[in-house]
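Both complexes below contain chain A, partnered by chain B and then by chain C.
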Partner chain A sequence: MKRFRSELSVAFAIVALLIVLAFLAPGFFTRENLSDLVLANMPVLIVALGMTLVIVTGHIDISVGTTFAICSVAAGEFAKLGLPAVGAGMAACVIGAMLGAINGALVAYVRIPSIVVTLAAMVAFRDALRWITQGAWVQDLPANFQWLGTSQAASNGITFLVAAALVISIGWGLRNLPAGRSVYATGSNENAARLVGIDSALVTFSVFAITGALTGCAALLNSIRFNQIPSNAGIGMEMKVITAVVVGGTAITGGRGSIQGTLLGVILLGIISPALTYLGFSAYWERAIQGLIILCAVGFDAVRSRLERSAGDFAERTA
Partner chain B sequence: MSDLVLEAISISKAFAGVKALRSVSFELRPGEVHALIGENGAGKSTLIKIITGAVKPDAGSISVRGEHVLQMDPRLSKALGIAAIYQQPSLFPDLTVAENIALALETGGAWRTLDWKARSRRASQLLERAGASGTSIGPERLVSTLSMPEQQLVEIAKAIGADARIVIMDEPTASLTEREVESLFQVIARLRSEGVGVIYISHRLEEIAAVADRVTVLRDGESIATKRMDEVDRSELIRMMVGRELGSIFPKREIAMGEIVLELRDVSSRAAGMHHVSLNVRKGEILGIAGLVGSGRTELAETIFGLTPADSGEILLRGERVAITSPTDAIRRGIGYVPEDRPRHGAVLEMSIAANTSLANLRRVARHGLIDRDMERRLADKFVEQLRIKTPSVDMEVGALSGGNQQKVALARWLAIDPTVLILDEPTQGVDVGSKSEIHSLMADLAEQGLAIVMISSELPELLGMSDRIAVMHAGGIRGTLDRKDATQQSILSLALGHAA
Partner chain C sequence: MPNALHKNWRERWFPNGEWMVLLALIAEIGIFSSVAQNFFTTANFVEVIRLSVELGLLALALTPVIITGGIDLSVGSMMGLSAVVFGALVMDWHWPVAAAAFATLLIGCAGGALNGMLIAEFKIPALIVTLGSFSAFRGIAEGITHGAVNYSGFPKSFLFLGQGYLLGVPAQLPVLLIAMIGYGLLLHRSVIGRGLYAIGLAGNGARWAGIAVGRRIGLVYFLSGFAASVAAIIYVAHLGQAKSDAGTGYELDAITAVVLGGASVAGGRGTILGTVLGLFSISILQNGLHLAALPSELTGILTGTVLVLTIAIDRMRARGRTLIQEEAIEMKNSQVAILCGAILAGALITAGANVWLVRSLKTMPSSASGGHTAVIAVMPKAKGDPYFVSCRTGAEEAARELGVELIWDGPTGLDAAKQNEIVESWITRGVDAIAVAVENQAGISTVLRKARQRGIHVLTWDADAEPDAREYFLNQATPEGIGNALTDEAARLLGGKGDFAIITGALSAANQNQWIAFIKKRAQEKYPGLNMVTIRPSDDDRDKAFSETQTILKVHPTVKLIMAISAPAVPGAGEAMRQSGRKDVDVIGLSLPGICKPYIHDGVVQTIFLWNTKNLGYLTVYAGAMLSQNKIPAGATSIQAGRLGSLEINGSQIILGAPLLIDKRNIDKLDF
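Moving on to the complex of A and B:
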């Protein structure tokens, strides 16, 4: 059970928040509100899946917000060129994967620190996009783009299923595939990984490319909910995603983390701010309280794991 | 009036109800080297922490130069002239040698002005007194460019500069070669002649025999005995430490050797700085590799394992010429490699024992490309039992195990590939006496089962005790190969220093 304990404190925080809401603001639990909440957080969740892999590998990708914007605009433009929504989505994923691959290659093979590479990518590609679009939003999208050309309900259902499938398959793969093991081994001890024949450069490259592709997928699922696509989408997204991953118990230093933790992290962060609104806190307080909750979740973990470790050390010494 | 520089009387300490020290007394005379030995967990570290003030004792008292100390704390202990030098030097890698020494010694506020020249001059003087003259350690060198033994010299210079009267050395030779150990002993001799008391902690009994005047043995938090070094012999010390007889110190067995398994013919690797190496290992044989640090021992292992592939010469496995250009090649051909420096290259500390064990051979625990956790656990259980790894469960993270047990997990990983050749680089470095002897008898078992073992070691007794033959390296080449019956400490050392056999 030890493996799940770090996730437990996040789960506990979620349950506590929901209980408070149930007593003080039952209006939070309307079908509409919940469905809105789920859909609004879907892009963050899907990108966070990739980010979990990147952080477990011991790296970070702060360019996801920019990639998200580029993929959103690209999906829209391809749709306007006549591609069906699914085709436009594929194209967005490929573009996302390519941008991720550029980051991955620079980190894994040129060995530039990931924070530098992705900071450069975040700024450079954001400005390139601004220059190309001249800040204009993508409008006049074809009718078969919004809601994937089906009903809003069907489209929402599809979005939900895609996200669920991604969560389950990536979470399962990370736990059960040898490839998943290589991700943990690379992030935990790159030298040891190299010695057992793991191509840790390839692992690093791949997790960035996968994150790019997932960002493309998230961009499509977000774009189909609206009838125009802003060219400045995804600003600040990287912070939300990284926060969710870290709150979910993934070690920022790599080697440790899980998809179920990330899922809980996204849920906790997703409900905090609407919950505060429902509970009648002033909007000015929202972010402060949000920060406090994050600090508590992560701080609690850090303190507990330190206690455990020193207890373990001692048991060890006296064994 | 006491002529003791340090006296600890009836020290007791319990952590969470477990007694780490039970009424332990310890004394140190000026100009004395007093060795403190015991297995891991015997209470050595706790006693040291109490002397340096890092931990408060539950009962007992400490006197320094006859003065009773009421409340020892790290600052007071420093002021009383107590300095500790640990196995891992605690220096700032991005500062220079002079700055590191100054940080420890200079006092004053954050706004005083600095006299860089005086600082540098002082550092040079202290380094010279620490025995660093004739080395390339200058005051302006960055600490990150120094080797481990050079960093240790800087630590000693700090201790001398602080005018320490009591110097505690905790496993100071763990990463040193024989020659560096020699020069450390000279420094200790100088400190002793200046009336400094030295507390010397080491697992290497032969070193203790060479350097210590008295020895105190701790076991399970109790002081078993304090003896003059000339009253005890090695086997008695071991018996006192472990509380039982260890069959023989080196459980070497006579094993009928089979055919040649691994052969190197004139192998060179420019990248590894290794040239014209020829050697062979037979089934059931333990080939020792001796040499000073930097002589190319580890590079030889890395070439065989495909990390720095050979660029000329031939490597043969069971008579067949093979190209090994990556660790994957080596693993596929049944070569296992347990590297030195376990935390950096060996065990993956954040992973469980089970995941560590299967890491080099995931195919063995996978079905249809998926990891079968039950199979993985069973595999790990088997090795936990075979290697006597002390752990409540194979789900424990390796980081929570002791050094000896981590080393066993690193070994288990390579045994799980069913190797035909096993390369062990410093297999017992930083491992306590009990685990050490277990690892040695395990090596004998493995050789008996037909494994060809290449063992790199800096410890001459280990090489002499365990190897069938010893290849001695010097400057990237093999200087000579000695048979078990011809090998002596002298013959190995003279080859290692580059003299002809």
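Moving on to the complex of A and C:
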């Protein structure tokens, strides 16, 4: 139980929201709605997996929205060059990984703070993409691009399986593999990690490259649901992703966090907006309510851990 | 650690390598003086200062926050909330300006104190707290105004603060100076300031040294909320309007300025001088690019590069200095290989971008030799929007045909403040005619009047400014015409009665809100059977429009028609409809035929409305060129606009023609 303590308040918020929905808007729980919600939040979830690694290492990556746009456009352009959708997807992942690697190299080896590097990457690459595309969408995609050349249901199934495989493998690997443990070690205390023989610079470099590759993967899975690709995709995505990760209990200071927490964070943020629609709130108040729910979830967590701390102090003093 | 007594002047004034930013600033000034017209003039520097005040206040306020190792992402949103509160108090509640300003500052203080309390008292990381208040503040501002209310018509004496001159300098400059001096004293000449550095370097150590850490941290966030509300009041006076979108994205620019100025995001490092240098290197870069008529996309690319380069050089030098004391970080061959690979990848991307650059430069119209080539500056509302991209094609066609030079530049997203800034730079540059697609009437009219006084011909297109601020408005369709056409078509498809839903752009988008008002009015007056069930935002994002449509279909099963009134929202709604397989729901809207073609052919989207965007761009440049040669006599009732033939002039409006109804029958004939 103690293992999951930091995720409890988020889980509690989700359950509370679902109970309210069950009474006031049972239509929320139709199979169709749930599957739409899962598909709509898939890109954020996949990017959030990488972001969890980055934040656990004690860094941050605010360039993911820009990377998402570049990879979407690249996947489309490669598909138009005649590559099969899978090949175009691979190419998108490689480009994402390359962009992530540039960030990672600057953070790990040149030792520039990650927020600075990725802020620069976010602004510079976004403007470069705007310049190159001049805002035009990628159109006239080959017919086998949408749904990967299969049916809608099959393609959605594939998307779901890929996401599930990523969540499970990264979640398991982060807890159980030496490489996963070294991510926590690097985030807790980089110098100590280096002294016990962990190549912390390589860990930092890798988490950025992995985040880039996952962003490319998310971009592909999102693009194949449509038959044209806008060049301004992913604006504000970094905020959504980072919010989901930190709401899921990952410490922004590094060293603490989990994939199951991130999963809960994505679920909470993903259902708030449609839930408010189902409950009949006006769109005009949605953003304010969203901010309040996030503040409450985090505030509750902080108050609880503070109470626990003082209870611990008391126990120590009276022992 | 060098002995404090033996610090040389460089370490005294530039402890964090700020001299590099100073060099970059001097280089910028040098380059732009030679390539940009009228850059090195007093008038231009005065304008640069005016445009830097709001951002400067935020950057100054963020400096101590970042020095303590924190961050405040909520400052831009606080500007939005403060602007709306101020506007409501003055215009709706009829408070005197001074009292309203005072109350607004209190709101800023309260917001800052809330952040400070959560961070200092409850020990929640600053990034999380301010991420939350980032959405909460903006959300409250949108909630109380419904994103639509736009307060304008403030008293002249108040607007003087943002638009007037005091002894030859902009009236808001003293505010910035006071803030600079105040923050300079606080950080560099007071005990509190030394404490802030100590907190940033080692929070626990500072506590043991007897510094009231919580109170100090609370103070810096409190001050940053206060500074944001001051910036909001100046912003309102500068633009003459208060709306919930004030200050959107300012937080990132402000953080960039602070970090560029040598502050460390890890805390413990940073100076006010550095922040000021960082601020001006950004604003001069933007101003210079506008004056040199270089694409504004270069701003982001160059800022990003300079940001990474200055810090990288600083890091390299720091490592060189400490190499003897610390053991060098060992690098394995594999790491070197990875690093080389990353650098190579970066170089390839740069090279690729350069190829594109050369290609795009070639397509730019070269100015005809001999004689004066008229320069027509045309501004879209947002550069990346597909609608304006297609207008640009027509504008370029007209420029080639007439042999005039076309400057096409504008904000990358909807941003009234940026529009003013670009017009200012065009006035300084001295163009022959300016044509603006107006985002905000009250905001832009002041600066357009100024352009007319300087003898520049002024047109508006797509959306109008105040009539006396321009010579002609190129009217493609009135909001009423659009609203009526959409409502009539909806009534026709629904057979006069039924439920429909609207998907708009951003909730605060002025155009869309005008259309919605006319749609509601028309439905009420003419079609009592039509019932609008809900309005959902798409934020001009295709994917968001897609999921909003899915939700609408399920929450409101009675909806039989979706009206999508933002260009990317129509394909989004169309795709959602196709995937849901609902054949009983129609989609209509306002969008470009190019991106809607597949859906109209499939029959999921029934009708879209639009005027011929290419012709609109063509007419804009054509009319601009004719005006600059004084070929439109006063009182003319028609003009000959090249391939468009004769167009009617109604008063001071040049009418392009009625909106096109686009459906299966004619979509293949349209090429925009």
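Rule of thumb we're sticking to: the second predicted complex is superposed on the first by the 310 of 319 C-alpha atoms of A that agree within 3 Å, B and C clash if a C-alpha of one lies under 4 Å from a C-alpha of the other, contacts with A are read in each partner's own complex, and residues count from 1 in each chain.
The rule we apply is simple: contacts are C-beta pairs under 8 Å (C-beta built on N, C-alpha and C of every residue); 3 or more make two chains touch, one makes a residue touch a chain.
Keep in mind it's a predicted model, so treat the numbers as computed, not measured.
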{"item": "Which of chain B and chain C A:A302 touches, first, second, both or neither", "value": "second"}
{"item": "Partner chain in contact with A:R256 - chain B first, chain C second, else both or neither", "value": "first"}
{"item": "Which of chain B and chain C A:L161 touches, first, second, both or neither", "value": "neither"}
{"item": "Contacts of A:A16 with chain B and chain C, given as first, second, both or neither", "value": "neither"}
{"item": "Touching partner for A:F226 - first (chain B), second (chain C), both, neither", "value": "second"}
{"item": "Chain B versus chain C as contact partner of A:L34, first or second or both or neither", "value": "neither"}
{"item": "Larger contact residue set on chain A - chain B or chain C", "value": "C"}
{"item": "First, second, both or neither for A:A185, with chain B first and chain C second", "value": "first"}
{"item": "Partner chain(s) touched by A:L195 [first = chain B, second = chain C, both, neither]", "value": "first"}
{"item": "Contacts of A:V116 with chain B and chain C, given as first, second, both or neither", "value": "second"}
{"item": "Contact residues common to both interfaces of chain A (with chain B and with chain C)", "value": "251"}
{"item": "In the complex, chain C residues that touch chain A", "value": "118, 122-125, 127-129, 131-140, 142-143, 146-147, 252, 255-256, 259, 264-266, 295, 297-301, 303-305, 307-308, 311-312, 315-316, 319, 329, 331-332, 335, 338-339, 341-343, 345-346, 349, 353, 356-357, 360, 383-386, 388-389, 392, 412, 507, 534-537, 539-543, 546-547, 550-552, 554-555, 568, 571, 575, 579, 594-595, 598"}
{"item": "Chain A residues touching chain C - in the complex, by the definition given at the top", "value": "25, 27, 30, 32-33, 36, 40, 60, 98, 101-102, 104-106, 109-113, 115-117, 119-128, 130-132, 134-137, 139, 152, 199, 201-202, 205, 222, 225-228, 230-233, 235-236, 239, 242-243, 246, 251-253, 274, 277-278, 283-292, 294-295, 298-299, 302-303, 306"}
{"item": "In the complex, chain B residues that touch chain A", "value": "15-16, 18, 20, 40-41, 45, 305, 307, 326-328, 331, 337, 339, 344-351, 355, 359-360, 362-363, 366, 369-371, 390, 395, 400-402, 413"}
{"item": "Sites on chain A touched by chain B in the complex", "value": "2-3, 175-178, 181, 184-185, 188-189, 191-197, 251, 255-256, 309, 311-314, 316-319"}
